[in-house]
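Please go over the structures that come below.
Shared between the two complexes below is chain A, which pairs with chain B and chain C, respectively.
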Partner chain A sequence: MVAVPEPIKRVFDTFPLTTYSPIQSTTPGNELSIEQNKYYFEGERSDASFCLGVHNVIKLDSNDKKSRFIPSDPVSLGSSLILCYKNNLKLPTTDSKELQHSSGNSMLKLSFHAAPDRQLPIFLVDDEKSNRTVKTASAIKDAFVNQDVNKNEDFNVEQLILSNWIDTKLFDLWILCLLNEEIQHIDKLFNLDSELMKDPVPSYLLIRNLYHEIPNWQAFNTRNPNLFNHDPSEYAKNAIASTTIATKHLSSYYDLQLKELENDLPLWIEFLKTDVLKNSKAENILLFKLVGFVSSTKLQNS
Partner chain B sequence: MSLDHDDMIDRLSSARIPDNTNISKEEKTLKSLQEEKENLMIEQNRQFMEELFVANKSQPIKVKNVQITNSQNFRDTFLEAQFKPLLASNQAISLESFLSNIEKVSKSFVKLNLVENLLVSIHPVPGTITQSSIFGRRTFPDNGASISVVPIFNIVPVKKFYAKTGTNIGNGEGDGYIQFQLKNLFGGGENLIFDAVTGTKTSSSYLLNYNQPVGNNADYITENTFSVNTRKWDWLQADVSTTGFSNKLYTQFDSYINHELTMENYWKVLENLSSKSMDVMVQSGSHFKSSLIYNMTYDSRNNKHLPTIGKFFRFGVEFNGLLKVTTSPYLKTIFESQYALSLPKNWYSSLIFSTKSGLLYSLNKTSSVLDRFYIGGPNDVRSFTLNGLGPKDYNSSIGGDIFFNGGISLVSKIPKVSPESNFKIHNFINFGKLIPLDKSAGVLNAFKAMTTDYSVSCGFGILYNHPMARFELNFVLPLAVHERDYARKGLQYGIGLSFL
Partner chain C sequence: MLSLHVWGSYSQSDKNGSDISIISPECVASSWLLVDRLGDQEDVKYEIVTSSNTNLSDIGKLPVLITAESKFHGFNEISGYLFQNFQSSSASRTVATAELTHKQQLINSGLLAHLQHKIEYINQYNLYINTKNYEKYTRKLFQHYLPFPMMYNQPLKFYNHAQTQIQVLGLNKNKTGFFDFSGNIQDDVAETELVNEGEDDEDEKDEVALSALHERQLLAKSKEKSMLRESKNSLKCLQLLDGYLTFFLKLSDQSTANGGEYGYLFSGKGASSSEVLLFAYIYCLTHQDLPDRFIYNLLRIKRAKFLEFADGHSQKWNDQLLESDVLRAPTGEETPGLWNEIKYRSGFVKY
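So, the complex of A and B:
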């Protein structure tokens, strides 16, 4: 590489002659509009903080007069529970925004368009020096399981198989469920603007946009290309009409997967009864993953 | 900005100076004498015609009827409306008014892009002319009353169907496009255009545009556009997909002042690619826009890309929130001005002063990154990267709500090159500032903040003023910057229709 002659470099380095402080990047109004989408985990504060981007949150009333907020979809719910477990945090409550309860770590309602891979949850970590790291859904999945396998050897082979079963089989069933079932509150599940959903044109566009993306999550359509040979707008039309939206192939595949689940589930229950899990960290992580799917599906049905 | 690459090469080729190296000195002298003689004859002819018109400007003229060739291309009602200035009255009019009406009719056809060529010949009705002179027939009536004439519009209409394909070049960008045009669709200046573009900056773009004159009047055009496109907003590290309609009504008066009223209804989707900015992430997703925009322009410049004389002002105001579905309602105003001034003739130079300013007042807590202003770049405040000025969040330029920028350019001829050459030397100073609007502190406070600390740059280079666009290659240096401004030192290349 040719070196820049020193006199020229000196001249170039002279400019700019004046440097002002940076232009402020935000305003109180802007911060408020971000804050109103945040739900803080309760726990101890630290210099570093994280933010879990989820589709939406559901408010759960409890006996202690405090309402808790949990993510509306199973994957995000599982992730939030694991994060709470790993960082010794409690789920966000109605009191969480008060400074004494807030850990500085939060859940943030986002559109799936916010994630580089169009898939939530997304994990934003700000370190002590305010450097931000963005982890996508697949990176979060890896961080929860694989890191532990490599570093802590916390997960054994059986546990990894169970983890993989949850991540693929149950996740695929979740996608199939979205594409096959009549989802009554799709706007609440994916935080679609309720005002916009009252108008037929925006609601059609929003739902079409969502159903266009759902089959791409965790490369479901790449793994099952034969199931997707039609226009995604069909889903949107059917979803608006609250009818079953699946095509023949898709609904047959859904039935098949449900039957497989019926067969697999007793085996896994048998497995869970054994002491393979040994009450370890891995056990808890796997349980939280499972709880995410079970609780979330239960909530959607209720 | 769009440039047909092949067409550009042709134009550049035709502009080449003929090769005179093999011609002897005597032949060169003869050639220049011939050119001088031709110019002299043209000038004499022009002077004679001018004198003739001036001497007879009050001569009464009566239009018997108007004829047009290739009239089968137009509707009767449309032609009737175009010829109205000539056929409005049965009374005699002065020669001056007659010629002005001829020009008015001709301009209507040209403004609507209906003709490839237009030539008007005026035929006197036999019996109304008696005298003649050595210069040809003179128009003097035999009884001292008006002369009856029949103007004939010989036109070559534009092709009804037109398709073209080509490439666009820009600042380090490239696009391929295909365009279909159906011109003068129903014989009244109606056009239907379909455009498809794909490239580096625009992933995909489809546009269907229908335009026509309002009430057969070439001064009022209505334009309806449906478009679907996905564009890269590199400064946000995001993609923006836009789908929707734009309905526009605009004037094309011969006077300097023109107006434009636009209604836009768009669905936009902001897709984050790699931005870590909280603004970008939280605002990612669907946005619905329904706005009304009014623009008024005053343009007396002799050239839109590189004026040497004249003034330009544009005032625009936009209200977003016509329909209930609008996600980020706001009020926006823009003011733009340019003043070009020729320096003494033997300096072969001109000065151009330009300013732009804008205010975005969100009717929500905050404005959307899709609606904010972005400044900086080779066509804007030079010596900064595209949209490299203003607020930043984790390396994304997230835009601002108030801006003011401007510049002074000195454009001069290159030594030992003809003053008519389209290549010029360019010296400039640019400045600009873009800030967010803190509504809690008030608009006045924001204006106060706009009075100091401007990012400033200077430079010099050469520019080429092509009929379709302006090209610039400058050596640029930032003089004053804000931390986090994306400044650029050294060479910077710009191409476009509008420059600071």
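So, the complex of A and C:
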């Protein structure tokens, strides 16, 4: 064995080789803040768990002292109700953080930037081996309702058509509503940072950033290029004057769609009164989807 | 006076030269409905203007129906107005939405959304993304619709829209990776990828003689590849279309009056507004002037009775259109010319 020469040994002794323990990717503070934003569904525990990423939650007070949490936007609300229905869960309440109630499945407040297509809700599933799959908003929709009319056992043709009507027409109307109406509590609806919202400059940037993204949801601007094909000067004027970016084309289209809804809504009410009491799986899912939109609009108004 | 503004061309000398364009099935359906409802009403004057001028519409999209009092945009609103205000004549083949039961009305409006959100993009694929149809047919159409120099930009704009829109259905001209959510459109496959695939390396020694041949080989190979990709997309498109049409076929099966054959969905009396739009889409998808009629071939083999039924209606309505002689060319400020565009942009003219 060759002896290490003295000068070299001295150099290495000055810098002793030590192995440090690995640095964790999350810190306790980080985990705590994730945990704070989580709202657990009530129900039985299982090995696999899921997490629904939503914009924000609203606290609903009820008579029995427990307050329930529901997502603030219609699509997430519909999704969370369908999830509860399919998995036999109950909506998160104020005491579902305690272990005996919680199911391990949760709703998580997120920024829309967290989703790969910058669109919420997203659905995170951890299976028994804690492999994680991420489902985007459109994948959730397909998972709830199988679009193949020949293979879908729960939905008949008519129900499938109606389900698609909700997904396309009402979702479009929701996007149009966001773009056209001046919304009072936009920061609460999309969980914008309250500290930043105090200052005019960052709040302006946050809102612009949000409005920039909204037309991309469900490929709305791709499907309606004629609405965004407007005069640039008109766009800039609107952007400075107010928080909405409605232009002539957009607002006319919004009016048009509202008129159609006015026509269709009584039909829906009649349909729900007479047909949906049979309590099949498909009809319940339809109902939850619709309820998501209707009750969210009601909450925005109150 | 009712005037319906649509995409199309009009020629005074040749009656068959006038045409309502298949680039917008909603325009076709609205015109059909107009002649069907008003065809033999003496007291109502109406015209169809092939203005091709989207500035006329408040939502930037044709068709638009202009009456003395107001404007009606899109097929849904136009059909609603026509059904509400004009009684059906004996020759009419349509049934007003109000005559249906409430549930049927709801399904009808669901089917309209289904057509406008799904089959619309099949039509876009067929007209713009299918290379043969686009280069030999669709692109050339615009010179009849728009005056110089407006016809250069418009087809390109529509082509770009179509290219992003077909991605909504998952049809994509170019390959994208599994994790590519951004939907960026890459221009082409890198040249080097093709060069490396050639296995006969010995031939490359003689640079001058063989590089031209080699180049030709490579070109042929890349052409073959893009053709393969396109036929794969076309097959996928056919499969999607077939799935979408199943909705209508199943509904027709449920309707007892039809006795096994394809027929009216809701009422034996005639077609509802969603069916008129469906026939318009089928007419546009299977139009006889298209160089690549792959959709027609599929429907002829697989859904012959359905195609026959749809064709019968579009044939009749088209004949009625030709007879009634209500088409006219745009005049004055309706023309989609450069001068009018400038006036519109600068605010001198408001529609």
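Keep this in mind: the second predicted complex is superposed on the first by the 243 of 302 C-alpha atoms of A that agree within 3 Å, B and C clash if a C-alpha of one lies under 4 Å from a C-alpha of the other, contacts with A are read in each partner's own complex, and residues count from 1 in each chain.
The rule is short, and it goes like this: a residue touches a chain if its C-beta (ideal position, glycine included) is under 8 Å from a C-beta of that chain, and two chains touch if they have at least 3 such contacts.
Worth saying up front: this structure is predicted, and the values here are computed from it rather than measured.
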Touching partner for A:R132 - first (chain B), second (chain C), both, neither: first
Which superposed partner A:L160 touches (first chain B, second chain C, both, neither): second
Which of chain B and chain C A:P16 touches, first, second, both or neither: first
First (chain B), second (chain C), both or neither touched by A:D117: second
Touched partner set for A:K169, first chain B, second chain C, both or neither: second
Footprint overlap on chain A, comparing chain B with chain C: 116
Chain A residues within the chain C interface of the complex: 116-117, 136, 147-150, 157-158, 160-162, 164-165, 168-169, 219, 222-223, 225-227, 229-231, 248-249, 252-253, 256, 259-260, 263-264, 267-268, 270-271, 275
In the complex, chain C residues that touch chain A: 54, 58-61, 73-74, 76-77, 80, 102-103, 105-107, 109-111, 113-114, 117, 161, 164-165, 167-168, 179, 181, 243, 246-247, 250-251, 254, 345
Residues of chain A defined as touching chain B within the complex: 12, 15-30, 32-34, 37, 53, 108, 110-116, 118, 124, 132, 134, 193, 195-196, 199, 201-202, 205-206, 209
Residues on chain B engaged by chain A in the complex (per definition of touch): 243, 267, 269-274, 276, 278-282, 284-286, 288, 324-325, 327, 362, 364-366, 390-394, 398, 400, 433-440, 453, 455, 477-484, 487, 489-490
